[in-house]
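In the two complexes below, chain A is the common chain; its partner is chain B in one and chain C in the other.
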Partner chain A sequence: MSTTTTPNPSGAGAPGRSREKAPAGEKIADWADGRLGIYSLAKANMRKIFPDHWSFMLGEICLYSFLIIILTGVYLTLFFHPSMNEIEYHGSYVPLQGQLMSEAFASTLDISFDVRGGLLIRQIHHWAALVFLAAMFVHMMRVFFTGAFRKPREVNWLFGFLLFVLGMFTGFTGYSLPDDLLSGTGVRFMEGAVLAVPVVGTYLSFFLFGGEFPGGDFVARFYSVHILLLPGIMLGLVVAHLILVFYHKHTQFAGPGKTNNNVVGMPLLPVYMAKAGGFFFLVFGFIAVLAAVASINPIWALGPYRPDQVSTGAQPDWYMGFSEGLIRVMPGWEINFWGHTLALGVFIPLMIFPLVLVAIAVYPFIEAWVTGDQREHHILDRPRNAPTRTGFGVAWITLYMVLLVGGGNDLWATHFHLSINTITWFVRVAFFVAPVLAFIVTKRICLGLQRRDKDKVLHGRESGIIKRLPHGEFVEVHEPLSQEAMHTLTAHEQYQPAEIGPTVDENGVERKVKGPQKLRAKLSTAYYGEDGQIPKPTAEEYKEITSGHGHH
Partner chain B sequence: MKKLSARRRHPLAAVVVLLLALAATGGLYTAFAPADKAQADTSAQSLAIDEGKKLYAVGCASCHGTGGEGSTDGPSLVGVGAAAVDFQVGTGRMPAQQPGAQVPKKKVIYSQAEIDQLAAFVASLGAGPNVPTEEQYNPEGADIAEGGELFRTNCAQCHNFTGKGGALTNGKFAPTLEDVDPKHLYEAMQTGPQNMPSFPDTTLTEKNKKDIIAYLDAVNSDDSESPGGLELGGLGPVSEGLFGWIFGLGGLIAVAVWVAARTAKAKKS
Partner chain C sequence: MSSQDIPEENLPAERAADEHAHAHGDVSVAHEKDPFADPGLPPHEHRIQDIDERAAKRSERTVALLFTLSMLSTVGFIASFVTIPADRIVYIFPLGHISGLNFALGMTLGLALFCIGAGAVHWARTLMSDEEMTDERHAIAAEPEVKAKVLADFKQGAKESALGRRKLIRNTMFGALTLFPLSGIVLLRDLGPLPEDKLRHTLWSKGKLLVNMNTNEPLRPSDVAVGSLTFAKPEGLEEEDHEFQTEIAKAALMIVRLQPENIKDKRELEWSHEGIVAYSKICTHVGCPISLYEQQTHHVLCPCHQSTFDLADGARVIFGPAGHALPQLRIGVNDEGYLEAHGDFEEPVGPSFWERG
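After this line comes the complex of A and B, so read on.
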C-alpha cells in the first residue's frame, strides 16, 4: 500500500495513523469524500438548527405524503393499463361481469381485486393524495398567517403555491385515470369548461381529446401527464423548496433569546434526522391505517364511464370542490350572436377559478408594496399582530369554504333537509358577503386580542384572587408577567402608516401625486392607522403604571 | 269475390259489416288488452273493496276526496292501481303527516291485510298496475351486472351510483334505496311515486326490473360487502374529503403535536 506517500487533501485522516487501522465506516466515508466532496457539505448542514414547533411539521406531512404517493404510484403503474380499448370484464367482481368497459377501468378493477395488496396500495395512494393537498393547504395557511412569506421567502412562497396548484391538477388527472363513471363525469365537466372558452374552445377540446369527447385518447394522455410531467415538475419544485428552506434557515416565533439573526432549536443531526425520519414512518403508518380502514373511490360501485350515464353526487375530490361550487351556483347565462354561443354560465366561473387561487398567491407582494419594507424577516408574526393580513386570510378561507358548500350543495340539502335552491342562493349571496363579514369580524377579534395583550403587559395576569381593602373595596390581584412573557408579547414591531407628504412645496408649487402612490397611502393607513392596530405598550407606559402610585 | 261484390248493396250489408267490425275490435281488445288490469268481481274481492272503502273514508278521503277524485291537497287516485297503494301505504309514506316538498318514508300504520283492502278499493276506482307477485320481484337468479348497467342508465341520476339517494329541486329528494323491500322497489318502478318517473313494463321489462332489484341487493343491502373498508356513506368525494380532512390530516396534526412535544433530552437536563 502506498497510501502513506499520498497527501490526503480532505484532511479527514489523522496524520501518522495508518489507513489499515481506520474503522470501516471511516474508510467508506473517506472514499466517498474523496470523490464526492460530501464532507464540507455535511459539515455545513449536519448541525443545521431547526426550531421546534408542531406547526413547522405541516410541511413535513406534505413532503412525506408526497413520497408515499410516489412510492405507491410506482406500484400502481406496474398493473395499470392506460388504454381506452373496450373489453368485456371477466374478473372477480361479480356485479360487473360481462360488462363492456375500457382496459383502464378493467385494470383498476384487477388492481383492486386480483393484484396482491393492490386495493390497499390504491387506497393509500388516494388517501395520501387527499392528505397531501389538505396538508399543503394548512401549511400554506400557517405560512400565510405567521407572515413567513416575507422577504427573503417570497420565491419559496410561490414555489409552494405552485406545488399546491400542480398538486390539484395531478390529483385531477390521477382521479380521471380509472375511467369510471364518476371521474368520467369530471372529465366531461372539464371538457365543458374548455368548450366555454370563446372562439378557440372547440379547437382546444378537440386537441385535448384527440377528437370528439371522450374519444380514445384521454386516459393515455392524462396518464403521462399524471405520472411523468406533473410529478416531475413537482419533484423539482419540492427539491428547490427544500433547498431554499435550508438556505434561508427556518423562521421562528418571537421569544427570549430569539432574534432575527439566529435560529434557536435543535441540530439536524442527530435530533431532527431522528425526529423527521420517525415522523415519516408515523405519517406512512397513519395513512396506511386510514387506507386499511376506510374505503376511497370504490370504482367498482361507480361503474365504467359511459357518456350517456351520470350519477347524482358527482363531485370532484375536495381540492377541486371549489371549482365545482363556482359552476353549481353560477346562473346559466349565455349570449347568442350570429349563431355562436358564449356560455357565460361556465366561462365566468372558469375565469374566477384562477382568480381565487391567484388572490392568495399575490398577497405577499401586495403587502410588501404597502409596507415598503425591504428588510429580511425571520421572526414570525402572531396572527393577531397583523390584523389586516389575518383578516384577508380568513376572508379567503371563507370564500373557499363557501364555494365548497356550493360544490356539495346536494349533500347539504339531503343531510340537513334543506332545499338545494335555497343553498344555491345562500352561496350566491355569501360569495360576496361572507368574505367581507369574515374580514371585519377577524380584524375586530385581532384588535381585541391586541388590547388584551397590552392589558396583560401593563397590568399583569388576572390571578383570580379577590382582595378586600380596608375601606371595603374589592379588587382582583393582578400578577405581573415574567420578563420572558412580556418580551414575547411586545417583540413584534409596528409599522407607521406611509404618508404621501405635503403635496404643495414651500413655493406653492403643486407636486403631482400618482394614483398608485395615493392608493398605497390609503392602504397603509388601513393597515397601520388607528383602526388597523393597537399601539403596543411602551417601556414608559409600563414604568408609569408600575412605579407605585397605588393602583391604576 | 264476385259473389261478395254483387251483394254489397244488400240492405243487410251495413249490418253485417258493423257486426264484423265490432267482433274484430272486441276480439283485438281481448287479445291485446293487459289481462291483469281487468278485475274480476268475485265476492271476496267485493268484500275487500267494501272494507277498503271504510278504511279509505277514515284515512285518505280528507285529501284524496271521498271517491278518490282528488282535491287541492292530494292527487286523484283513479287509475293509480293497487301497486301504488301497496307502495305508498306499505312504506308508511301514506297517510301523509304534513304537507311539504315531499312525503317521507315513516312508520307503517296499517297491517298488510288493511293495505290489501285499501288497494282493492283504489284499484276498483279505475284500472291500474297490480301488486306484483313474488315471482315477479324476487331477484333470485337475475343478472346483477345487467341490473347495474340499467341502474346507472335509469336510476343513478337521482338515486346515486349505488342507491344512496340524492337531492332534487326545492327540498325534494330521491330517497336512499338501502334495504328497501324488493316488492316496494318493483312497485316504485312500476308506479313512479311522487317525483319519480314511472317505468312501466314497456320501458323496463319485468326482467329488467328484477335485474335492477338484484343489483341493489348486491351493492346496497345489509349483506353487501364493502371491499375497501368503511363506506363513508357511499356518497363519493365529499364524504371522503371530509373524512380525509378530519381523520387524515387531523390525526396527522395530532401526531405532529405529539412528536413536537417530545423535545430532545439535552434541552431539559
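After this line comes the complex of A and C, so read on.
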C-alpha cells in the first residue's frame, strides 16, 4: 500500500529543529508540492485510517508477490533468450551436454547453473507466482464471504477478478517459456484445445503458432505476452484496484464504535507504513527461503521439449489444475457431419472453463438484483449471516476442488492406490452432486451458527459453572454478554423477502407480473425467507427473557 | 491488532458484569430502550511498552537487533556469492544434496529481508501508538447539485459540438472510427500461414522405411518382439533438421507386435505385417504422445489425460476423453526385409479439428 503515495511528503524531523530556516526535507517537499500538489494528496492520505483484521492482509500478499514477480522477472529477462533455434548444449550441466535443445531451454539451464544466484531468482519468480495466484484466490474468497463486493465495490471486485484470470494466463505463458518437456506438453494441450474450436480453430492455431505445432515462434510470442502485454495490463489494474481501495476506504467488521459511516483503525503513517511496508519484506523473505530450500520446476530433470516424448504424472501449475480436471473427466464426445468434426469432448470443457470463473465474477450483480439494495455497504457480513451467499461460495469452491482432483486423477490413483477409472467417474458425478451437497450443508451450518448467536445474546454465554439449586436441580450458570458483544452479534441487517404483491387490484383487474419479477421474488424468498435466515433477537425478546429470568 | 475484533467468548466475566451494572445505573435510558445499542469505541488499553519505559527499551533493542541481523545477512549473501562455487553440491538435512550456492544465497537473502520486515512490524506493534482512530466516510455518489451541474455541462458541451444536429459528421465519424481498427486486424494476417491441408499429411509415404527412434537404424520385423513397444520415425528425418520438431509432432509412430490371432479388427490385420502394427503415437484427444503400453491387455494409455486405446481392436477408445481411434499406418516389408510404410496415414493424426471430417 505504501507504494502508491507520493515521495516522502513530510520531510523527516521537521519539529525540534530551529524554525528560522526551513529544513531541507521541507524545501524538497515544497518544490514537489509546487509541481505535483503533494500536500493536498498527503492531507487526504497520509493519516488515512485502515481497520485491522488478519484477513485484510491477504490482499497485501497478492500485491507484494506481484512486485516480487516483476523485480525478479526483470532480472531473468537479462539472461533468458526467447528463441526456439535448436542448438547443441555445452553448458555446465553435464547430463545434457551435447543434446539438441532450443536456445530458450539452454538459456534457462544457464540461468540455473552458470549465472550465480540465477537459480535462486528463477525459483523466487516461480514460487512468487504460485503464492500470487493462491493469495488472489484466498483474497477473493475473503471478499466474497464477507460481502465486501457490495456497493460501492462491485467494480473493484471485477478488477480483482480480471487480475486473477490474467494472472492465470501470465503464469501459463511464463512456465511455457523454458520450452521443457513438461511445459511443452501443456502448450500442446492448449493447441489441441484451440483446434477444437468450431469453424476457426484450425486458423487460430496456425496464427498462434506461426504454422503447424510447435513451429519456431511460440516461445518468442509467449515471451512478449508474458513480460509485456499481460503484466502491463495487470499493473494498470493493480493501480486502479488500489486507488479504489483508497477512495472507497476499507471495509470493517461490525463492532462497538464501528458504523457504516466511519472507519476505525490506525493511521497509514506511521503504523501501516511500518506494518504493510514491513510485511512486504516478510513475504519476500519467506519466498526467498522457500526458493532456497524447495526446488521448483527443475527443467534440467525434465529435459528439452520433444513433441513425441512425455513423462508420466504431467501436471500444470496448481491454478490451471481445474481446467485440466475439466478436460480429463469429459467423455470423448465427437460429432462428424457434412465433412466437419465437432470435438465436443474438448470444446465443452473449453467453454465450461471460463463459465466456472464467470459464475463467481457475476455473483455480486445477481445478489444486488435479488436484494434490490441501492445503499452503500461498508460493514462486512459474517459469513454465517448470509447463509445463501456462503452456501454458493462453498459450492463454487467445492466445484473447483472436485475439478482439481480430476486434474490430478493420475496422482490420486498412484498415491492412494485407486483405480483411475473410478476416480474419473467419481469426479464426473461429483461435478454435479458435490456443489449441491456443499450448498445444503453450508447453509444448514450457517443457520445453526445464527441460532447459536441468538441463543448467546438472549441467554448469555455458557460459563461452564454448574450450580446446584436448593431443591437439588443442577443448572449451568449463563453469563450475560457485554453490551459490546451483544451489539456486535446483532449489528447485521436482515432483509425481508421481496413480494410480488397482489396480482389482482381492488377493482378485480389482473396485473401482469413479468417472469423476471417472479423469479426475483422466488430467489428473494429463498435467500431471506424462513429457510434462509434465523430472525435476529429483538430488544423485546431480550427484555422479556432477562426480566423473567433474573438467574444471576 | 488484538483490540480490534472482540471475540465474545474472550470477554472477561467481571467486565461483562461491570458493564451490566453500569448499564442499569447511569445510561439506563439508552440500555432500556435498546440493549443492543452501540456502546461506542471501548477505552484504549495500554500496552506494557506504553507504561514501562524498560519494556519499551527492550522492544527498541529487539527491533535494532533484527535490523542488525538483516545487515549481517546481506554481508553473508555477498560473501556466499563470492566464495561458493556455482557447482558446489552440499548435503543439508533433510533436504538432501542440493546446490550450496542456491541454499546459501536464498537463506541469507531471505533472512535479510525477513528481519527488516519483522523489525518494522515489531516496531509498529510495540512502540507506535496503537490508539484506534476514526475517519468519517462520505457517500461515493455526488450530491444532487453536483450531478445537475455535470449533466448541464455535458448537455451544453454536446450542444456546442452539434453532434446530434449534424448527422453527416456523426455518421461519417462513427464510420471512420469503426473502420480504422481493421488495419490492425489485417496486420495480424501474417502471424501464420493458412492451414490448407497441412494437418492431413505427414512425412510418411509409400516405401519409407520405419527407423527406430532410439538406434536410428531401419527396423526389421525380427527387431520387434512380442510385448515390446517401439517408437519409430520415417527415414530421412533427422534430429538436426530444421523442421524436425514440427514433422515428428505428426509422424511419431509406435509399433507393437501382437499375435495375429489376437487382432480383432479386420482392417488392422490387413494393414499389419506378421502381427506387427503401427499406430500414430499422437493422442487424438489433444495431442500428447502416448507412451504407456500394457502388454497383457494390448492397451495403450496417454499419460496426460488417460485416454486408453485398445491396440488389438483398431486402437479404438476404451476409456478417457479421446474422441476417436488412433490412426493406423499401413506397413509391409520391402525387398531387403525392412519394415516400410505403404503410404501416408489415411486420416489426419492428432487432435480433432473442424475441417477433419
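Just so we're on the same page, the second predicted complex is superposed on the first by the 527 of 552 C-alpha atoms of A that agree within 3 Å, B and C clash if a C-alpha of one lies under 4 Å from a C-alpha of the other, contacts with A are read in each partner's own complex, and residues count from 1 in each chain.
Quick note on the criterion: contacts are C-beta pairs under 8 Å (C-beta built on N, C-alpha and C of every residue); 3 or more make two chains touch, one makes a residue touch a chain.
Just so we're clear, the structure is a prediction, and the values are computed from it rather than from any experiment.
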Touching partner for A:278 - first (chain B), second (chain C), both, neither: both
Touching partner for A:297 - first (chain B), second (chain C), both, neither: first
First (chain B), second (chain C), both or neither touched by A:52: both
Touched partner set for A:399, first chain B, second chain C, both or neither: neither
Partner chain(s) touched by A:97 [first = chain B, second = chain C, both, neither]: first
Touching partner for A:534 - first (chain B), second (chain C), both, neither: neither
Contact breadth on chain A, by residue count: chain C or chain B: C
Touching partner for A:321 - first (chain B), second (chain C), both, neither: first
Chain B versus chain C as contact partner of A:420, first or second or both or neither: both
Chain B versus chain C as contact partner of A:135, first or second or both or neither: first
Chain B and chain C footprints on chain A, overlapping residues: 52-54, 113, 119, 123, 266, 271, 275, 278-279, 282-283, 286-287, 290-293, 295, 306, 308-314, 409-410, 420-421
Contacting residues of chain A [partner chain B, same complex]: 52-54, 56-58, 60-61, 94-99, 112-113, 119, 123, 127, 130-131, 134-135, 138, 181-182, 266, 271, 275, 278-279, 282-283, 286-287, 290-298, 300-303, 306, 308-318, 321, 407-411, 413-414, 417-422
Contact set on chain B toward chain A in their complex: 101, 143-146, 148-149, 152-153, 156-162, 164-171, 173-174, 215, 218-219, 226-232, 234-245, 247-249, 251-253, 255-257, 259-261, 263-264, 266-267
Residues on chain C engaged by chain A in the complex (per definition of touch): 1, 4-6, 8-9, 11, 13, 15-17, 19-20, 23, 31, 33-42, 81, 86-87, 95, 98-99, 101-107, 109-121, 123-125, 128-130, 132-137, 139-140, 188, 191-195, 198-199, 213, 231, 233, 239-240, 242, 244-246, 248-250, 252, 281-282, 285-289, 291-292, 303-307, 317, 319-324, 350-357
